[in-house]
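Each chain gets a letter, A, B, C, D and E, in the order it is written, and its residues are counted from 1.
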Amino acid sequence: MMSLYAIQLECLIATWGIVLLLVDAFTPIPNKRLVGYMAAGFVAVALLYSFAIQPVAEPFFHGMFRLDPFALYFKRLFLLALAVVLLMAAEFSPRIESGVAEFYALLMFCAVGMLMTASVNDFILLFVSLELVTITLYVLASYLRRQLPSLEAGTKYLILGALASGFTVYGIAYIFGTTGTTNFDRLADLLRSQAGTPAPAFVFGMLLVLTGLGFKISSVPLQVWTPDVYQGAPTPVTAFLVVGSKAAGFALLLRVLYAGLLPVSMVWNTLIAVLAGATLLYGNLGAIPQRNIKRLLGYSSIGHAGYMLMGVSAVNALGAGAVLFYLGQYAFTNLCAFLAIIAVTAATRSDEIPSFSGLGKRSPILGLALFLSMMSLAGVPPLSGFFGKFQLFAAVVQRAQTDSSYYLLALIGAAAVVISLYFYLGVGRAIYLQEAEDASPIVVSKPMRFGLYVCMAAMIGIGIFQRPLVHASIVAAKIFPLH
Amino acid sequence: MDILLTIAVLLPLIAAFVAFLLPAKNPKAIRALALFATGVSLLITLTLFASFDRTKSGYQFVHSISWLPSYGCSLKFGVDGISMTLLLLVGFVSFCGAFVSSEIHEREKEYYILFLALATGISGTFCTMDLFFFYFFYEMAVIPMYLLIGMWGSLPPGKHGRTKEYATMKLTLYLTAGAVLALIGLLAIYFAGGTLDIERLQHNVVLARTTQTIAFPCLLFGFGFLASMWPFHTWSPLGYAAAPTAASMMHAGVLKKLGAYGIIRLALPLLPEGARHWANLLAVLACFNILYAGWAALTQRDWKFVIGYSSVSHMGYVLLGIATLNVVGVSGAVLLMFAHGVMAALTFSLIGFFYHQTHNRFVPDLSGLARKIPFVGVCMVMAVMASSGLPGFANFASEVLVFLGSWQQGSTLFRVATICAVWGIVVTATYLLWAVRTSFFGPFDEKWSMLKDAVSFRQKFPYALLLAVLLTVGFYPRLLTDIIRQSVATSVVSHLSTSSEATAASAITASNSRATP
Amino acid sequence: MNHLIYMYGTDWGMGRFPICSVWILLFSPLVAAALITLVTGKNKALSAALSIGAILLSFTLSLRLFWLFAFKGIQHQPHPFPWLVIGNSVRIEFGMTTDALALLMLLVVTGVGSAIHFYSLGYMKGDPGFSRFFACMSLFTFSMLGIVISSNFIQIFIFWELVGVSSYLLIGFWFEKPSAAEAGKKAFLTTRIGDVGMMLGILLLWSHAHTFEFAELKARLPSLDLSIGTLALIGVLIFTGAMGKSAQVPLHVWLPDAMEGPTPVSALIHAATMVAAGVYMLCRVSWLILPSETALWLIAWIGGITALMAASIAIAQNDIKRILAYSTLSQLGYMVMAVGLGGPTQAMFHLTTHAFFKALLFLGAGSVIIALHHEQDIWKMGGLWKKTPITFWTFVIGTLALAGVPPLSGFYSKDEILLLAFERNQPLFLIAVATAFLTAYYMGREVFVVFCGKPRDQHAYDHAHESPLVMTAPLIFLALFSIITGWYSKVPDFLGPPHEAERHSLLLTGGLIAVPVFGFIVALRLYWKPDPSDAPVKAALGKLWTLVENKYYFDELYHWIIKYVQGTIATTCDVFDRWILQRLGIGGLSVGTGLLGRTVRLLQTGSISGYAFFFGLGATVIIYYVVVR
Amino acid sequence: MNVHDILFYCFSIAMLVCGFLVIFSRNPVASALFLVLLFVFLAGLFVLLEAFFIAAIQVLVYAGAVMVLFLFVIMLLDIKASERRKFRALGVAGGIAVAAAFVWELKIILARPIKPLSVGSQELRGGLEQVVKPLFANYMLPFEVTALLLLVAMIGVVLLSRKELK
Amino acid sequence: MTTAITLNDYLIVSGLLFALGIAGIIIRRNALVIYMALEINLNAANLALVAFSKFNKLVDGQILAFFIIAIAAAEVAVGLAIIVALYRRKQTVSVDELTTMRL
C-alpha cells in the first residue's frame, strides 16, 4: 500500500488519461476544446494536491523508486508543464485533424513517464520510463501526420532518439557489467568502497549513458536534432519538449551523476564543464541567424542546456540548487512564450519572427508576455531568468575558487549571455520597435489570458521574490551529498 | 527616518506599477504620477541630505530587509557621503527628466513606466549595500534604456551611418557585457569574502592576492564599459544621439556614473592590490578618454554627438581621479560625477528643447538662435562654460581637485597625465565654444523663425533648477566635498593608502600649522 | 606671517563695518549683475542705475580703504574663508589681500571703471542689449576686483577665468556680427592656453609647498630650497598666464580682434584693467619671479619684443581703435619688460598711469566713432577738431601722456622704466627707446589724420557732432587724471621698496624727452597736410611696410596651425574612432560572431545520416578523450 | 576447443556476417531477411549463455513479431527500384570510420580484464523461475510502465497509420 | 562444462554488432533499413547484458534484456507507423528527402 502512495500521482494521471480516451468516444467534435480545458483543470488540481504529498526518506519498489523532495519538486514541475501544455493543446486543437482526445491522452501518458523519471533510482526503471517518455513524444511530434514538417520532425526524433537510447542501454549494460548493480545507491556505495580510478570499461559505460541522456537535454554532441524537431513538431509538443522532456533529462542526469556517480566525479566533471562550454557556444551562436521563432527557441534551449550544465559541472550544493531553480523558472518562462506564440500563430498562421512585428500594438498582452519571456530567457532583472543565471554563475565561480580554470567557463557563459541578449532582443525589436503590416488586433481567449497572466506573474514574482523557489530548490538539492 | 531612504529609492518603481494599472487613455494622470513620484523622492533625498550627519563617515539611514537567507542577501539601503551625493544627482536629473518628458506624445504610458523603472534601477544601485542588489539594480537599468531609445528615440543620418535600432542594440549589448563581466568579479569577491554585505566586506575582509588580481580587471573593465572607458566608449555618443531627451539626460547624467561608482565603491576598497597594480593603465586610458574623445568631438557636426563625445572625455577626468588612488583625486572624481551629471543633463535637455522644434541639430544648419530663443541661449552658454570648467560652476572645483590629486600622486606618468588633462580643458572649450558660436551666435537664419523660447515658468523650471544646482555647488563646493571626503578617506583610500599619499600627508601636517582655523 | 594683520576679530567678517566693507566692495557688482539678469532685465534705466550704483559703491569703499591705509596706516584684512578643503593636503581659501598694491589697483579699477560706466550710458543708448551690457560690465567689475584682492593662487585663477568669460561675453556683445562672435571665441581660447601654463605652474609650486597662500609661500619660499630649474620653470609657467591675459607675444593675437566689442569695453577691459591683470599678477607674485634669473630674462625680452613689435604694427593700421589696441599692446610690453627687469614697482606705476590715459584715448575714439555714426576708418575722418572740440583736446592730452611728454603722467612712469632698462639691460633700453619713438609717431599720425586736415568724407563730416555731456564728462575726468597721476611721484614709494635710482645725468633725461618730440615731428612732417596719406612711408619702408601691415603674419600662422595640426589630429581621432574602433573592431567582432553562428549552423544539414554521424563521432571522441587517453 | 566454443564462433561470425549484409544489401527485403537470421543466431548465443528464457523471447518477439511487421510494411509500401540507389561514398566512409573507431576504442578498453565490483552468489541456470520471479517481485514497477508504454504504442500506431477520416 | 570463451569475447562480438548498427544508421538512406540497424544496436546491447549477467551471476541483466525486447517491439511498431505515414504523405522512405528544416 505504501508503494501505491508513492506512485499515486502517476496512477492519477494515467487513469485520467484513459478516462479521457473513453470520454472522447462520447463528445461531439465542437466540445473537444472544452475537454482540453477540463483536462488542464484536472491536472491543475492534481498539481495543488501534490503539495499535500509528503516526501518519504526510504526508497520504494526494492530501492528503484524514490519519493524524496527532489522527486516531488520535479513531479510538480511536470504537472505544471502538463497543465499549461494541455491548455495550449486545447487552443491548438482546431489544427489537429483527428484524435484530439488521444492527443490529450498521449500528453498525459508522456507526463506519467516524466513523473516516473523524477523518482528513478535504478537504471532499469530509468530506461523504461525514459522510453515511455520518448516513444510517446515520437507519436506526438509526428501527430499532424498530413503536414510534412511534423512528420519530418517525428522521423528525425524517432531515429535519433532510438539511436540515443541504444547508446544509453549499451552504457547501462557496461555499468551493470562492471559493477554488478543497476541501483544508484548501491552503485554509489560500491564506487565509494573501491579505491583508485574506476575501470575503463565502467567509465566507457558511464560515458555512453551520459551521451544518451545528453540527447534528452540536447547537449553537445547530441544536440543537432533539437532545432529541426522543435520547428517541425506541433507547437504544444514543442513546448512539452522544451519544458518537460528537457527537465526529465536533467532530473535523470542529476540523479545519475549526483546520486549514483558522485564518487567518481573527478572523472566526469571536467567533461561536463567542456560540454557545457561547447553547448553554450553552439546554442547561442547558432541562434543568431534564425528567423523562425520556434527554431530560435530550439537553439536557445540548447544554450540553456549549456547554462544548466554549467551548474551541473560545478558539483556543489549551490550548483545543484541552481539547476533546479533554473528549470523551475525556465518552465514558466517558456510556457509563457509558447502560449503567446500559439495565440499569435493561430492568427497569423506563421511562426517567422517578422510576423510578430508590431505585436505590442496588435495585442498588448501577447506582446508583453512574449517580450517578458524573451527578456527572462536572456536573464534580465527583475525577471526570473536573471536570478537563475545569477545562481548558475555563482555556482561556477564558487567552484573556480578551488579550480580557477572554471573562470574560463564563467567567461564563456558571460559571452553567451551577451550573444543571447542580441537575438532575444531581435524578437523584442520585432514586437515593439517595428510596425505590423496588418495592425488588426489579435483576440486572446479567456483561459489563454489566464494562463498568460499566471506565467507572467510567476516570472516577475520569482524574479523579485526569489525566496520560495530558492528554498524549494535547495531543499530538493539537499538529498545529494554535496557541499 | 531610515525607512525614508528605501522609500525614496523604491517610490518610482511603485509608481511604475501603479502606472501599469492606470488606463493608457489618460496620459495626463500618468505624467502627473511620474512627476509626483520623482518629485517626492527628490524632496526626500533633500531632507536626507539636510539631516545627513556630516561628522560621521559610515553609512547612514541604513534600512535592511532580509531577502535571501540562503545567500545572506538582504535588501539593504544606506548612503555614505559618496552615494548621498550621487543620490542627489539622480533625484535632480530624474525629476527634471520627468519634467522635460512633456515632449513625448505617443505611448506615454509605456514611456513613463520605463522611465520610472530606470530611475529606481539607478538610484537603487547607488544606495544598495548588498552586492546582489547592486548587480540587480545595475542590470535593471539596461532594458528600459533599450526600449526608451528604440521606441521614442531618433537618430538623424550622419557620418556614423547607423540607425537608432543599431544604436540602442549596441548600447544594450555593451552595458550587458560590462555587467556580466563585473558579475564574475563580484561573485569572486562574494565567495572570497564570504558575505554580500558591502559594508562588512569593506571593513573586515581582506581578500587573497590571487582573487584580487583576477577580480579587479573584471570589475575595472566591466564597469569601464559603462563608464565609457576608452576603447569601450563607442556605444555612448551613438546612444545619446539616438535617445529621446529624457533618456539622454538620465544616461549621460547618471547611468554612466554607475560604472565609475562601481569602481570607487567596490573595486578600489575591496581589491587594493589589484587597484595599485592597474592604476597606471587606468590613468593612461583616462588620458585617451580626455584627449582622444575631445579631438573626436572637434569633428562632430551633430549637437548630440558633440556633447556625447565631450561626456566621454569628461569621464576621462573621473577615471583619472579614480586612478590617483588618493583622497583628493577620488573626491574630485566623485564631485565631478555629480557636476558633470547635472551639466550633461542640462545640456541634453536644452538640445532637446530646440531639437523638438527644429527637428534639426546639425550645428552648421543652425545659426543665430540666440536672438529667437535667448533664454535657452543663455542657459546653453552657461552649460558650455560649466562644462569647460569655468569657476563658479561645480565642474571647476571638481576638475581642480582631480588635477591636484593626480599631480599629488607624484609619478612621472601621472604628471604627464595631468598635463594632458589640463590641456583637455582647452580642447573642450574649443569645440563647445565653436558649437555655441555657430548655432547660437552669428546672423539669425530666418528658417528658424518659428522657434519659440521657454517663457512660462513651467518651461523654464527644469533648466533653472539644474543651473541653480551647478552654481550652488560651484560657489560652495564644501556642501558636498566635506561628506565626500569623509567617506572617500575612510571607506576607499584607507584601504589603499599608497606611500606617496602618506608622505604628502606628513609633509602637509608639518607645513600647515594653520590647517585648522 | 599675516596672522598679525587680521586686525579685528575672529570670524571672516560680518562683524564690523570696515571688514565687511571689503566684502561689499567685492560683491556689490556681482549682486548688481545677478539682479539685472534675474529681475530688472526689462527695465533699462533701473539696470544701468544698479550697475553704476554698484561700482560707485565699490569706488567709494576703496577710496575709504585707501585713505585709511595711506594716512592712518590701518589695513583691513578679513579672515580667509575656507572654500574647498580636502583633509590636510588641499586647503583652498577665499581670502582678501588689501595691501598697497591691491589698494592702488582697486582705485584704478573702480575709478576708471566708474568713469567708463557713465560713459557707456551715452554710448550704448538705444542698444537692444542695454541691460545685458551693464550686467556683463558688473560681472566683469566683480571678477576684476576679485583678481585684485585675491590672496592665493587658486583664488586668483578663479577670477582670472571669470574675467576671461566676462571679456568673452562683452567682446561678443553684438553676437549677431560673426566677426564679433569669432573675436570673443578667439580671446577666450587664446587666454585659455595661457591659463593652462598658469595652472601647471600652480600645481608644480603646490606640490613643493603644499599651499596656495601668497603670504605663506612668500614666507616659506626660501626654506623650500627649490632647485634653480624648478624655480625658473614655475616662474615661466606662471608667466604664461600673464602672457595670455596681458596679450604678450606670441599670445597677443586676440587683443586687436577684441576691438569688435563696444568701445567702453575696449576702454575698460582691453586697455585699462583686464589686460593689465597679467602685469598685476606678476607684481603680486614678484617674490616668486625675482629669484630666478632665467625667468626674469625671458619675461623682460618677451615684454620688449611685444612692445616694439606692437608699436611697429600700429604705424600701419587704419582703424582708429586698432591703432590704440596695438599701442596698448606695446605699453603692456613696457610693463612686462619692467617686471622682467626686476622693477614691479615701475610696472605698477606705468600700469596706473596707462590705465587713465589709455581709457581716455579709447573713450575719445569712441566719441569720434559715435560722432561719425560708427565709422572707424581714420581715412574717412579728418578735420574733426572744429566739430568735436572737447573730444579733440582730451584726445590730444591722452596722446601726449601716452607718448610720454612731460609733464604728463606717461612721462614719469615711462621714464622710470626706461631708466631701469638703461641700468639693467642696454639692448632692451634701445628697444624701449625705439618703441617710445614709434609711439609718439603713430599717435601723432592718428591725431593729425583724424582731427586735422580737411574732411575726407564730407557727408559724415556734416552730420558729425560733439557727444553729450554724459560722455564728455568722463573724458574730462580722465584727462585730468592722466595729467596729474604722474605728479604724485610718491606712488612708487608708496608701493613699498623704493627703487634707489641714482640721479641720472640731465643728458639722459633730456634725451628721453627728446625721443617722443622727435617722433611727433616726423609724424608732423608726414601727416600734417590737408590730405595726408601713407604713400610716402609705404614707399620708404617697402617690404617692411607690408610685413607690419600684415601684423607679421601671426594670424595666418595660427590659422595654419589650427587648420593643419589640430585639424589633422582631430580627423585622425575621428577616423580611427569610426573606422578602426567601430567598424573594424566592434563591427568586426559582431560580424565575426554572426559568421561563427552561420558556420555553426552548417552542422544543421537536416540530414538524419549526418546527424547520426555527428552523434557517433561525438561519442567516440568523448570516449577517446576520457578513457583511452 | 570444445563444442561450446565452436558454436560460439559459428554463431558470432554468422551473426556479424548477417549484420553486414543487413546493412549493405540494396534490397530492403533482403536486409529484412538477413535481420531475421541475425536474430536467430543471436538467440543461439543466448542459449550458449544459458539464457533460455531470453533466447525464447528473442525468437518469438523479434524473429516472429517484429520481422513480420517489417516485411509487412515493406510489402505494403513496395519500395520502388529508384529507392535503391547506390550508397554515397561519403556516408559509407563516415559510417565505417565511426564504427572502426568505436571498435578500436572498445578493444583498448577491454584490454584490461573486467572484474565486477560485486557478483551474485549462485550460478544462473537460466530457468524460467530464475528470471520471471524477480520480474514480478522486484521489477513490478518497470513492468507496469512497460504495459502503459504498449498502450501508448497501440494508440500511436492506430492514430498514425489509419486512413484519413473526412 | 568448461569453456575457453571469456566475457571479453562476447563483449567484442556485441561491440562489433553495435558498431555495425551505427555504421548502418550512418550509411543507409532508407528509413526502414536504418530502423533495422537500430534494432541491431539494441540486440548488441542485449548480448552484452546477457553475457554480463551470466558472468556476474546476476539476473538483472537478463531482466533488462527482457524489457529491452518488449520496448523495442513497441518502438518498432510506432516507428513503422510513422514511416508508413511518411510514405503516405511523401511516397518515399528515403531520409534524404527529409531536409526541409535545416540550418
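Methods note: contacts are C-beta pairs under 8 Å (C-beta built on N, C-alpha and C of every residue); 3 or more make two chains touch, one makes a residue touch a chain.
Because the structure is a prediction, the values reported are computed rather than measured.
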Common touching chains of subunit E and subunit C: A, D
For subunit C, the least number of touch steps when starting out from subunit A: 1
Farthest-lying chain, centroid of Cα atoms versus that of subunit E: C
Chain whose average C-alpha position is farthest from subunit A's own: C
Busiest interface, counted in C-beta pairs: D-E
Whole-Å separation of chain centres (CA-atom averages), subunit B against subunit D: 70
Centroid distance [mean C-alpha coordinates] between subunit B and subunit A, Å: 42
Inter-chain centre distance, subunit A versus subunit D - centres from mean C-alpha coordinates, in Å: 31
Computed distance of Cα centres, subunit C from subunit B, in Å: 36
Residues of subunit D touching at least two other chains: 91, 94-95, 98-99, 102, 105-106, 108-110, 114, 116, 118-120, 139, 142, 146, 149, 152-153, 156, 160
Sites on subunit A at which at least two other chains make contact: 124, 128, 131, 135, 138-139, 142, 145-146, 155-156, 159, 163, 177, 180-181, 200, 204, 227-228, 289
Two or more partner chains touched - positions in subunit E: 7, 11, 18, 21-22, 25-29, 34-35, 51-53, 55-56, 58, 60, 63, 67, 71, 74-75, 78, 82-83, 85, 95, 98, 100-103
All touching chain pairs, where touch follows the definition stated at the start: A-B, A-C, A-D, A-E, B-C, C-D, C-E, D-E
Interfacial residue positions of subunit E with respect to subunit C in the complex: 22, 25-29, 34, 95-96, 98-103
Contact set on subunit C toward subunit A in their complex: 593-594, 596-598, 600-601, 603-604, 606, 608, 610-612, 614-615, 617-619, 621-623, 625-628
In the complex, subunit A residues that touch subunit E: 123-124, 127-128, 131, 135, 138-139, 142, 145-146, 148-149, 151-156, 158-159, 162-163, 166, 169-170, 172-174, 176-177, 180-182, 227-228, 231-232, 289, 295
Sites on subunit D touched by subunit E in the complex: 1-2, 4-5, 8, 12, 15-16, 19-20, 22-24, 28, 31-32, 35, 38-39, 42, 45-46, 48-51, 53-54, 57-58, 61-62, 65-66, 69-70, 73-74, 76-77, 79, 83-85, 87-88, 91-92, 94-96, 98-100, 102-103, 106-107, 110, 113-114, 116, 118-124, 126, 130-131, 134-135, 139, 142-143, 146, 149-150, 152-154, 156-157, 160-161
Touching residues (chain side subunit E, partner subunit A) in the complex: 7, 11, 18, 21-22, 25, 31, 34-35, 38, 41-42, 44-45, 48-49, 51-53, 55-56, 58, 60-61, 63-64, 67-68, 71, 74-75, 78-79, 82-83, 85-86, 88-90, 95, 98, 100-103
